[in-house]
Amino acid sequence: MQTNFLPHLLADPDVALAEKILRKCVHCGFCTATCPTFLELGDERDSPRGRIYLIKEMLETGRPADAETVTHLDRCLTCLACMTTCPSGVDYMHLVDHARAHVAKTYERPLADRLFRRMLRLVIPNPSIFRLALIGANLARPFARWLPAKFAGLFALAPKRLPPPSWVDAAQTIPAKGARRRRVALLSGCAQTALDTAINEATVRLLTRLGVEVVVAEGMGCCGALEHHMGETDAAHARAAKNIRAWTREIDGGGLDAIVVNTSGCGTTVKDYGHMFRNDARLAEDAARVSGLARDVSELLADLDLAAALVARPRLRVAYHSACSMQHGQKITTLPMELLAKAGFEVVPIPESHVCCGSAGTYNILQPDLATRLRDRKVANIATVAPDVIAAGNVGCMVQIGTGTPTPIVHTVELLDWATGGPIPDGLEALTASENASA
Amino acid sequence: MSLTMPAPEPEILAARDDLIARLREIVKPANVVHLDRELAPWECDALTMYRQKPLVVVLPETVAEVAAVMRLAAELNVKVVPRGAGTSLSGGSLPLADGILLAMGKFNRILEVDFENRVARVQPGVTNLAITNAVAHRGFYYAPDPSSQIACSIGGNVAENAGGVHCLKYGLTTNNVLGVEMVLIGGEVVRLGGKHLDSEGYDLIGLVTGSEGLLGVITEVTVRILQKPETARGVLLGFDDVKAGADCVAAIIAAGIIPGGMEMMDKAAIAAAEAFRPCGYPSDAEGLVIVELDGTAAEVDHLVGEVAKIAEANGATSVRVSTSEAERLGFWFGRKNAFPAVGAIGPDYLCMDGTIPRGRLADVLTRMDELAAKHGLRVANVFHAGDGNLHPLILYDAAIPGDTEKAEAFGADILRLCVEVGGVLTGEHGVGVEKRDLMGEMFDEVDLGQQERVKCAFDANGRLNPGKVFPTLHRCAEMGFMHVRSGDLPFPEIPRF
Amino acid sequence: MADHLAPRDEADLVEIVRDARAKRTRLAVEGRGTRAALGRPIETEATLSLAGLTGVTLYEPAELVMTALPGTPLSEIRARLAENGQELAFDPIEHAALFGHEPGSTTIAAAFAINASGPRRPKIGAARDHLLGFRAVNGLGESFKSGGRVMKNVTGFDLSKLVCGSFGTLAVLSEVTFKVMPRAATTETLAVLGLPDDDAGRLMREASGLPQEVDAAAHLPASVAGPFAGTSTTLIRLDGPPVSVASREADLVARWRDRGEIEILGEDASRRLWDDLREARPIVAAEGPIWRLSLAPSDGPRVVAAIRAADLPLEAWVYDWAGGLVWLAFAGRAGPLAARLRAIVAEAGGHATLIRADEDERRAEAPFHPQPAPLAALAARVARAFDPDGILSPGRMTAIPTKEA
């Protein structure tokens, strides 16, 4: 489309990039069809095409963001379904990143909103604080109705039973079982280490069983995605820089075959470090190297000999939920399903699998109404295929979907770990007992 | 932009605040969009060449709200432009500076699927593909499939009489719609047809289909759904000369074969589609023909053989027959995404939509190349070869001063060429604003006058989507519509606006 | 006696209409006058016959298109098409059996003006779906055109749809351009014997939704005349290349083997049978009024059951279009039953047309299903957009409530 940027604005390379992205959009509207918020709201402003126009209007003059534009940008899940649909190759992800940074710089949110967001930024990326907050949320749950409405989403998501911290998330090197085939670093994640420690434990068990040495690098922490999506570029970059340095030490030290991420939301961001630091003279090269090594755990598993490690397990019917960051962000679509099928499960696709479940990082906390609508839509779609268990590759989706369905939901690696001799994932015991009884 | 739209009425612009306040009493206040910075997303549809921010956008949620908005518009004499998914390629929903833009996006529910009678009753904002998705589990589908089917709405499909790649065998929208509920300009709600064939009295469904939002606001549609053919197979034919491809198409039809779809792409379009996502098109071919044959397995096998024979006799350089459903869909993938894929190399494109008698295909393509040279622009061609519907995509760069005008002039020349060889200005995209000023190439004053009087029968004050379709606006009285003789109005008992 | 006006060309036609308008002469527009008894009877000062405007002016088999002058008889059109293995796929009813004229004698313009169709209507469409473009003279005496000669065209309003089924009340067709299709190499018919109406309805609806692509589905109750008199017969038509017909037939026989005895009708018997069905021949022998109902297919048997339960003097009935079209023959006069019949049909959401009845009855009972007021008003405004003075077959479709001129 035609753009009319004030010439001096284009001197900023970030603005110049945004302009280049905007020029690619031909306004065909295909993206509206797969945008979860447009499907729910039917309002052009809540579609990718509408947001692109709102962003264009704002950036062309460099004017400060306004409340309305912010509202519609905030409603964007950043699920990137639009990018999968777009036949013109519009890089919506980097456009909306830039727009959010512009919002963060030029728009003052109402005080309560500001404090709430600051609280999220303080709490979630810091596992120890997050754990305390979740305990606090459980204690405060009886009083939830007296707290501001903003907290509703938070309470809904706080698990009733919280696992203790796991040994697996401490900095260490965990040797491979048997001959070492690979050496990889694992991103432990932030919220994940507080919400569901079983995922990293299963990942480490599975990988070491398959001959992979796993490094939990000293100094590694939150990937920065949370602040990145809030437009807090500096804070996000600071976190990313820490990880880049931690992993670079390992690359230059013991060497790394891959940096494994088992939360696809984080994976999308780590794979984007190269882009984030492209204009940073000191870190550009290391960031690109890190991004180049980043793999979703399923990508690594595809290269390993899973079949040799399989043990007999009941053939459960697994509905695979593809996280948006997995299918749209990282373009990993069928691989996890293939792995599950290879491991002996009956894998069924979920209708409307391209539509977000509403989790989307902190979206279900910041936009609880829309998130709940999308969760219910997802849960209804899952119900049509009547699975025994739901598998996903992103802890956020697991928590989100888990609040809406009695069907157990586990991480793909938990099922693969079980299928190769690991313990049965939480929540499946009853299921397999009856399976065995009927078998 | 050389397009002239009806001049905004100062008294309407002046009364904008009052209008907004009244609209906020009808629909949820959040569904009235009026701040200047929020109107940009609606300033055009998929024809980006012409842009105009609307006076105000209203997003109704119920038929009663639509009727109330229409009554208010009538009372205040404000123009109304209906909009579906905003995927029109002819500017059918280009807003007016002094008009309400009635955006029907919230009408997105499927109301009923009646498999027994093979119909689906849906709200107008439901997308074309969503209908198929809703009935696919029982092996049914909705036949018309415009390239934008993922996003275009059924209301817009009816308004534009949308086509697609399967028209030759399965018809356009008009052949697949059984019922329509619509709100007239004065707010009356009328239901036309239903689940039965043959509508009562005049075929107003047929008239409304393709009327480009000039006659009423569609609030519900009943469409036929069809059982998916048992088998469909694609045949991908490469030719080293476009004429050979065109001749092959004619020979297939002459042999009595009506393929489910038959599409052609030229070298530029093949390259663009392959660049978007490789789909195995022969990269060295000058022309590509995709033939889809559907029916029972025995019939399809038979026809695939016949088509391959005809293709070889007509000099096909490559013949590939799909052996799986994935491969067949792969054949279509590039074609379905051809428009925006061309956009990626454009950077801008203008998509034309003339139809010509099939036999003139080769001749028209040759002359189109001459026109491209004359205007100094590139053109990529995709077309529904089975029915002669051409989609030349004129590539230009809106950032280069003068390029837009060149593209417009080139497009106009292409359409004149279509009419000259016995074809028409638009096969499926509609006239909108894009081809409005070329209507005179095809119709004379009397032809247009007759159509305008039909418009007057629905909208005597010309308030519904004015500035579209007709190159000049006549007042209905001027058209002799309110025909008065000896002081008596004929049919005095018939209510008038 | 009314004047009989027969133009020799379009210019002539324009003159006649202009003259009529100037003199406020009403014209009864007809093709060859075979179906004056269809619709409301009208009184006019003159009859405008298109019988003199005949001939095929363009026929390009490879483009599937033909253009003809309005008075061209269907026999001539069919013969020309047959030379190239093509046909009028919408298979227009000629009302030959109903009104007692020679098949083939009706005109191409009339086929469009009454939006004629045949048993394949659900699959292949009616006249409206095949008219690509036309020339006509409106009530102002202006000659105008609409549409074109190509398959896909959305340039301007689709007036072709409006003139189809307008019974000459909007404009006088002076040239029609229409889509023609290859004639199927073979046609055969499965006859499933012995099904009661309800089961037959279910079978027909099931058939219409199968991938075996059934081309038509009809049901003859045991009571109707013809080759199957005495046995109720459900007819399923299959058209196509022999290899296709054979495979579909085998599939369907296997599917329905347990439903009843199945007979297969070969090519000739099939064609005769469907021609007869198109013309409603199985019920024309009845003396009383004949009605035609258009319904959702599942409502066909239900409405017939309701009519029978209401104790109306129903003599015979036939289902076509998988139950979506029902022909009814009654004993007695149309008047006493019209309101009750229409109430039953309206409840189901369809419409009822009185096709054959005495002139006075057709004058008294609106032959076409009455429309809700806003729709009737809209239709009247549309008519005025073509014929502001109401000189073209006024009152053919609905009674004109104006004062006489």
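A, B and C are the chain letters, set down in written order, and residue numbers restart from 1 in every chain.
In the analysis below, a contact is a pair of C-beta atoms (placed from the backbone, for glycine too) under 8 Å apart; a residue touches a chain by one contact, two chains touch by 3 or more.
Computed from a prediction, not measured in an experiment: that's the story for all the values here.
J.: Assign the assembly's chain-to-chain touch graph to one of these shapes: line, ring, star, complete, other.
T.: Contact pattern: an open line, chains touching in sequence.
J.: What chain lies closest to the overall centre, CA atoms only?
T.: B
J.: What whole-Å value do you get for the distance between chain B and chain C if each is reduced to the mean of its CA atoms?
T.: Comparing mean C-alpha positions, chain C is 29 Å from chain B.
J.: Approximately how many whole Å separate the CA-defined centres of chain A and chain C?
T.: That pair's centroid distance is 61 Å.
J.: Give, as an integer number of Å, the spacing between the C-alpha centres of chain B and chain A.
T.: Spacing between the chain centres: roughly 39 Å.
J.: What are the residues of chain A that contact at least two other chains?
T.: Chain A, residues with two or more chain partners: not present.
J.: So in the complex, the part of chain B that touches chain A is made up of which residues?
T.: 31, 33, 35, 37-38, 40-46, 48, 59, 85-87, 103, 105-108, 125, 127, 129, 148, 150-152, 276, 337, 339-341, 343-344, 346-349, 398-399
J.: Quick one: in the complex, what on chain A touches chain B?
T.: Counting only chain A, the residues touching chain B are 1-3, 23-24, 26-34, 38-39, 41-45, 47, 49-51, 53-54, 56-58, 66, 68-69, 85-89.
J.: Which part of chain B faces chain C closely enough to touch in the complex?
T.: Residues 114-119, 139-140, 160-161, 163, 167-168, 171-172, 174-175, 184, 188, 190, 192, 194-198, 200-207, 209-211, 227-230, 250, 253-254, 256-258, 295-299, 302-303, 355-359, 384, 386-389, 422-431, 435, 439, 442-443, 446-451, 453-458, 469, 480-481, 483, 485, 490-491, 493-495.
J.: Could you pull out which chain C residues touch chain B in their complex?
T.: 60-65, 85, 115, 117, 121-122, 125-126, 128-129, 138, 140, 142-146, 148-162, 164-166, 170, 181-182, 185, 205, 208-213, 240-241, 243-244, 246-248, 251, 294-299, 321, 324-325, 349-351, 368-369, 371-372, 374-386, 388-390, 397-398, 401-402
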